[in-house]
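There are two complexes below, and they share chain A, which is joined by chain B in the first and by chain C in the second.
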Partner chain A sequence: MLDPTPPTFGIEAISVTKRFGGFTALDQVSLRVRPGSFHALLGENGAGKSTLVKCIMGYYRADAGEIILGDQQQVIDSPRTAHELGLGMVYQHFTLVPSMTVAENFVLGKTRLPAVLNWREELARLEAFFAAMPFRVPLDVPASGLAAGEKQKAEITKQLYLGRRFLILDEPTSVLTPNEADEMLGLLKRMTRDGRLTVLMITHKLREVMAFADEVSVLRRGRHVGGGRVGEIGPRECAELMLGNAEIRRLTDRGGVPGAPMLEIAGLSADDDRGHPACRGIDVTVRAGEIVGIAGVSGNGQRELVEALDGQRPPSGGTIRVHGKLYHARRDEMHDARFYCLPEEPLRNACVASMSVAENLVMRDFDRPPFAFGGWWLRPSSFRAAAARLVERYRVKTSSLDAPIGTLSGGNVQRCVLARELGGEVAVLVVANPCFGLDMAAVAEIHAQLMEARNRGAAILLVSEDLDELLELSDRIFVMFNGRLVHEAAAATTDRVAIGRHMAGH
Partner chain B sequence: MTDVALGWWGVPLALLGGAIRASTPFLFVSLGECLTEKSGRINLGLEGILVMGAMSGYAISYLTGSPWLGVLVAGGVGALLGVLHAVICGLKRVNDIAVGIALMLFGIGLAFFLGKSFIQPAAPMLPSLDLGWWSGIAQVHAALQVNVLFIVGLLLAPAIAWGLRNTRWGLVLRMVGDSADAALAAGYSVNLVRLAATAAGGFLSGIGGSFLSLYYPGSWNERLSSGQGITAVALVIFARWQPMYCVYAALLFGAAGAIGPALQSVGVTSGYYLFNAAPYLLTLLIMAVTCSPKRALVGAPSELTISK
Partner chain C sequence: MPVLAAKPAGAIVEAILIPALALVTALLLFGVFCAFRGVAPFELYALMFQGGFGSWFSWQNTLIRAAPLLLTALCTALPAQLGMVVIGGEGAFVLGGLAAASAAIALHGAAPLAVQLAMAAAGLLAGGLWIAMVGALRQYRGVNETISSLLLVYIAIALLNHLVEGPLRDPGSLNKPSTPPIGDAYMLANIPGTEVHWGFAFGVVVCVLAYVLIHHTVFGFSARVVGGNARAAKVVGLPIGRLVLGITFLAGAAPGLAGMVEVAAVDGQANGTLVAGYGYTGILVSFLARHHPLGIIPVAILMGGISASGGLLQRRLGLPDAATLVLQGTVFMCLLGSEVLHGRLSLPRLQRA
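And now, the complex of A and B:
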């Protein structure tokens, strides 16, 4: 008979090297995760964190180096092998199958799935498992019906249900409220204390590293550049190790006081892709020279709100006024009202990936003077001249103005869109998750640009899942929950705890 | 047994008979396509597979004297063509819809080429069960001549629906069709699962084709299918990717095909060809009514896309 709770184990990576073509993603990285520890892996975008854990999980074969599980060397050639050895991973993007129920998703993860399932037995086993958990996830709803926070809980509890003894987490808390994150990480921390689990967590949130991790390792540009026991190494040293000598732009000071109402949203409602109401009766007024933040866990209607504002989704009710005039997100109205937008996933929502950087940069005004005669005869040379100025001013790194914008890195695509939308005179700016997946230097740059636009008198609506970003930039903050605005506070007088509570619907 | 003048009562009876008689190819092709699409891939080549199945089933039945062997070979040929589709789609930068259209033309062309010599001779037909024995009316008899394949199809639909929920194969198939990422993370080979699903879909479509040539209309010629394979693909969308709905949809389309002859039998002769177009009009109508630019389709496997 098998031991019901076999002990956990550590992992050691020794001089792991991984190349993609001519690019070295990992350069002789060594990492030791002691059994029963909570180990954090820190690094900027492109530092090689994901590549390293994918080598451990058997997605990639390392070009050189070895992986040691417990005390023996293992060749892990596929995720299946990794699962059989007791390794599990929670990915940054959800891997629950959306149309299948939570119970089906849990059972599907088993390495040995019986040919015919006995659902009564499987459900009884799931019930017993959740009885011992500090929280539960509804079992009979399709995964697509769960809120983002619940999905992430389901992802993590699924790994525990499957009996993983070594758990790798890739940015696990990006969609959780601060309370949910603490609850989840606290549970995992207790399990490592009991010797049932070892955790390796990829993150860029220093606060979580300091609060939960025992040890930390820092990668930069594919190399292991330092680390140590949390406590002996502090947040400052970690940040320095992550950044190297990269320059971080300081946030411009908040200046001036908000002026007259510029963007007035009254009773705005919109349906989601399935035709169900997603945001309902939204009332917000943004004044000139003001940043109004909208907080909330993703999936509470923010996406539909932003799409209704930027013209991607017809509203099902309510009105939008800019400068007191009704606004329907038509192209001439955008131009006249100087209404700009920085949507999330800019490559998908604000660019044509196969068109050039120059073409994307003039997309707003390409058929107006000075880019065109008479509205139809275009002057490509003027595109390039204007684009060159914007690329210079917003420090976009691109091989040429004619490169397809889809070939640029995420941070540079974001800079391009920012340049296009903020390059002229801006009256209204709607921004959604502008820094998602960007590294610290790019984030600081974008925050500074937004603050400068505010100080120049733009009315900015900032929809974000990042509380720190909202608290840093906003003048006022609303909390969105279940499609409605449920709380309003002045940013100067509120804190993460109060906002976090409303994000969870309390 | 007497030939009774049923008057207008003959129309619903003829529609019922049509549903039973003509729905089988729709049923098999749509169940096959349902399986394939559940894996996240569209096989538009089923029209070609249907025609190839009709030709090969007829040829084998003629050459060996066994219609059932013909059915089996038709299924096998369909599975092979399904594998061909899946292997090509498994390559990088290949679009399953384009491959499907190519396969459709290939299957039809190949069937015409190989089937030239089988247009004239008469092959042994599939037997049918006489479920109208209790009635003395000839039309009832005619309507309730039920082919065994129809019953197999009727049983297959709930079996597939059950299997998709309760077996390992079913769950893995749905996972691959809904989230290839999740399937990869769980260590399953997406391409292999899709290969199996497309082969199974091809097998069922081949059988559907053999029904055309070996039972109803019951001969091999080049105008045999008249687009039933393509209609059945549309039917899957109408059925929301649910095997049981495929049954109802297939019956509806079978009945629609019988509208023209049924009305003619009661003396409505004007617009005969118009009524014969009923299945196609129905397809158009259903697509127009059930599709909306505002909503995503409920129940569609998320991996289905034309931009892959």
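And now, the complex of A and C:
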């Protein structure tokens, strides 16, 4: 057992309210996390989970309500105070410094460091700590050398090492393979059972909640709408609580038969920003009327592959052929070959945030009639008519066509990009993480659009970190690991376990 | 103005209010500075207005001083559409003047209009190529354009001095090395009815053309997309290299033309006087105008007025002529500081209840 350790404690949030300008992110949310429990906080994107947790951790001050730690009301005015009270947070993306060793990262996290570090002492303390832990993390390796699963373990043990007895985890399994996720969650569950830890986990994955959590609370649009013990409340009720009355579009049925090869990628290689090879020797052929999915944990070269295909990164080798012709990602080729993209993080990669919705919608065609004459004289007034049609067809919610696209919500930005890219006839479509950060209604809509584009004959390459999405949409699935494609299977006959193994490199 | 109507009202108010605020703050600080030298601020401001805009004579003085600024400001304003910060107008100006003077010498004896056109072409080309180098260095070698354009200014001045004191030197210019005078026949005339040379009109026309280019052509729209988000520009296949080179060439051509005007309308020859700081003041004009080509016109006239009032301040208040440089510097500092205010001003009538 960890000795001497502060005991773990529970947290109660009473009627917490948080507003940002005119927008109410949390509306009188009350939540009780029992000491020693594994509590899941469920809700779709935008429900307020992150905001609530940031109020508890001291990043935000709630506008109303109280937070009670153990049995004492506390005012948590900064993350430092939260840390001193024993609260720790593990984020979705790693906070380890990649070039420092794991031991250095652990020591770095201490709130009070002497001016001169006594490494002998620190290392001895670390050894003693790990002697009492059920697992180990290599201490003298630079953090960049750890696999994602190990990094996540290191983040968690770091919090424990720093004396934190209440852990908040924000979507901790999003960067792990299914097996790593199960292993980590099992570990946490055991520690809460032993009474060493209390865990509050933010997630939108029902499966994990049902398998590992003791209790669940559901947030929807900033309100606490329900919850209960995991045995008593089932997955269907949780899903209903999360969605409320929102209409979720049903996925269009798969139709048609794949046709001729449209996109042929042969031996494609690309380097990352530092010049190291990120993906090597990628061979994929996508036929018309087919969705080919590429699965993989983030950081295995998918980003560079997509950037090499959509024109943002020059390939370091290999060829891309569209309908038999060599393709170099030039604007005229994109137009003639009807090659379109939905890159990830659309606001960052596919839009100019400061330009208007109308201007963004015509970005593919502004140099052609009716928007331009002679290839050089522009008629800005002509943008609006075409933009208005697209906005209506794709149900984009915007205050006006002239509003900067950066002011739209994530879902509406993605709808705009979809409208622009899918609005005409599409021969080839390269899609990356299209539904990241979007609410379920938007996700269902985008999936339906992709399936319809497929049924109309588009050749779609879908690169995603969401395995459920890939399994639902793809005809065939590849797995990408360490920059190479390591596995191919028909989506209908494969299973998560096999894919999960390949995602981890086994 | 059509382009501004596309933006939400708040953005326009902010775009004008914040630089205006910076200007007023700078004037106030300048007043404090002068107060330390025993000058009453009110008298100071009154004389500044009189010296710049108080009489037809002052106005003409102002417009003459504004003329080069209209063009050198474009050297910063055009690349700004691409998101680049170029501050090399001084170098393009100097080389433009030198090239123009050389063209005049080479074509000496030809018809005036032909010579003037050749001078203009030489100025445009020399300035354009000089700043296009900045674009090429950025695009193909990743060199920061601010640093390269600034350092190229020093190289340009050194080139000017070398050529003017050496191969292109007029043997008759003893005290001050200079190219041979181009001759009165080839000097630019004044706008009829005024003492203001045609260079002012050139400047206004070029600013208007720059506005049309940026807001009404495919080229200008493409440049703005690249400036807004280069990653998105690549996804839609825009030719970034060509846009960078094109814009930087045009950005250099403008001050190059201004250099030609300085030789053809003011000096009559190329020498060290070309290094007058118009390029640097142009940077200030562009920032004050928030890099908008049409906004450059009133701002350049304002700066011209401030500079024109220098003489009056010197005579009546005993302030050194360089006092206007102090004001210019203060304006620039206040302007840079005011950048923080963008997006943070809650203007009363725009707040929701």
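Note that in this section the second predicted complex is superposed on the first by the 461 of 506 C-alpha atoms of A that agree within 3 Å, B and C clash if a C-alpha of one lies under 4 Å from a C-alpha of the other, contacts with A are read in each partner's own complex, and residues count from 1 in each chain.
In this section, a contact is a pair of C-beta atoms (placed from the backbone, for glycine too) under 8 Å apart; a residue touches a chain by one contact, two chains touch by 3 or more.
Every value quoted in this text rests on a predicted model; they were computed, and no experiment measured them.
Visitor: Regarding the shared-chain residue A:Glu44, is it in contact with chain B (first), chain C (second), both, or neither?
Guide: Neither: A:Glu44 stays clear of chain B and chain C.
Visitor: Of the two partner chains, chain B (first) and chain C (second), which one does A:Arg330 touch, if any: first, second, both, or neither?
Guide: Touch status of A:Arg330: second partner only.
Visitor: Touching A:Ala353, do we find chain B (first), chain C (second), both, or neither?
Guide: So A:Ala353 only meets chain C here.
Visitor: Based on the superposed arrangement, let me know which partner A:Pro343 touches: chain B (first), chain C (second), both, or neither?
Guide: Touch partner of A:Pro343: chain C, not chain B.
Visitor: Given the touch rule stated above, what does A:Asp475 touch, chain B (first), chain C (second), both, or neither?
Guide: Neither chain B nor chain C is touched by A:Asp475.
Visitor: Touch test for A:Pro380: chain B only (first), chain C only (second), both, or neither?
Guide: second
Visitor: For A:Val97, select first, second, both or neither according to whether it touches chain B, chain C, the two together, or no partner.
Guide: first
Visitor: After lining up the shared chain so the two structures overlap, which partner does A:Trp119 touch, if you call chain B first and chain C second: first, second, both or neither?
Guide: first
Visitor: Please output the residues of chain B touching chain A within their complex, sorted ascending.
Guide: 166-169, 171-172, 174-175, 178-179, 181-182, 184-187, 292, 294-296, 298-299, 301-302
Visitor: Report the residues of chain C in contact with chain A in the complex, numbered from low to high.
Guide: 2-3, 6-8, 215-222, 224-225, 228-229, 231-232, 234-239, 352
Visitor: Considering the complex alone, what residue numbers of chain A touch chain C?
Guide: Residues of chain A touching chain C: 22, 310-312, 329-335, 341, 343, 348-356, 359, 363-364, 366-367, 372, 375-378, 380, 402-404.
Visitor: Applying the document's contact rule, which stretches of chain A touch chain B when the two form their complex?
Guide: So the residues of chain A touching chain B come out as 78-81, 83, 89, 91, 93, 95-100, 104, 107-109, 111, 113-117, 119, 271, 273-275, 314.
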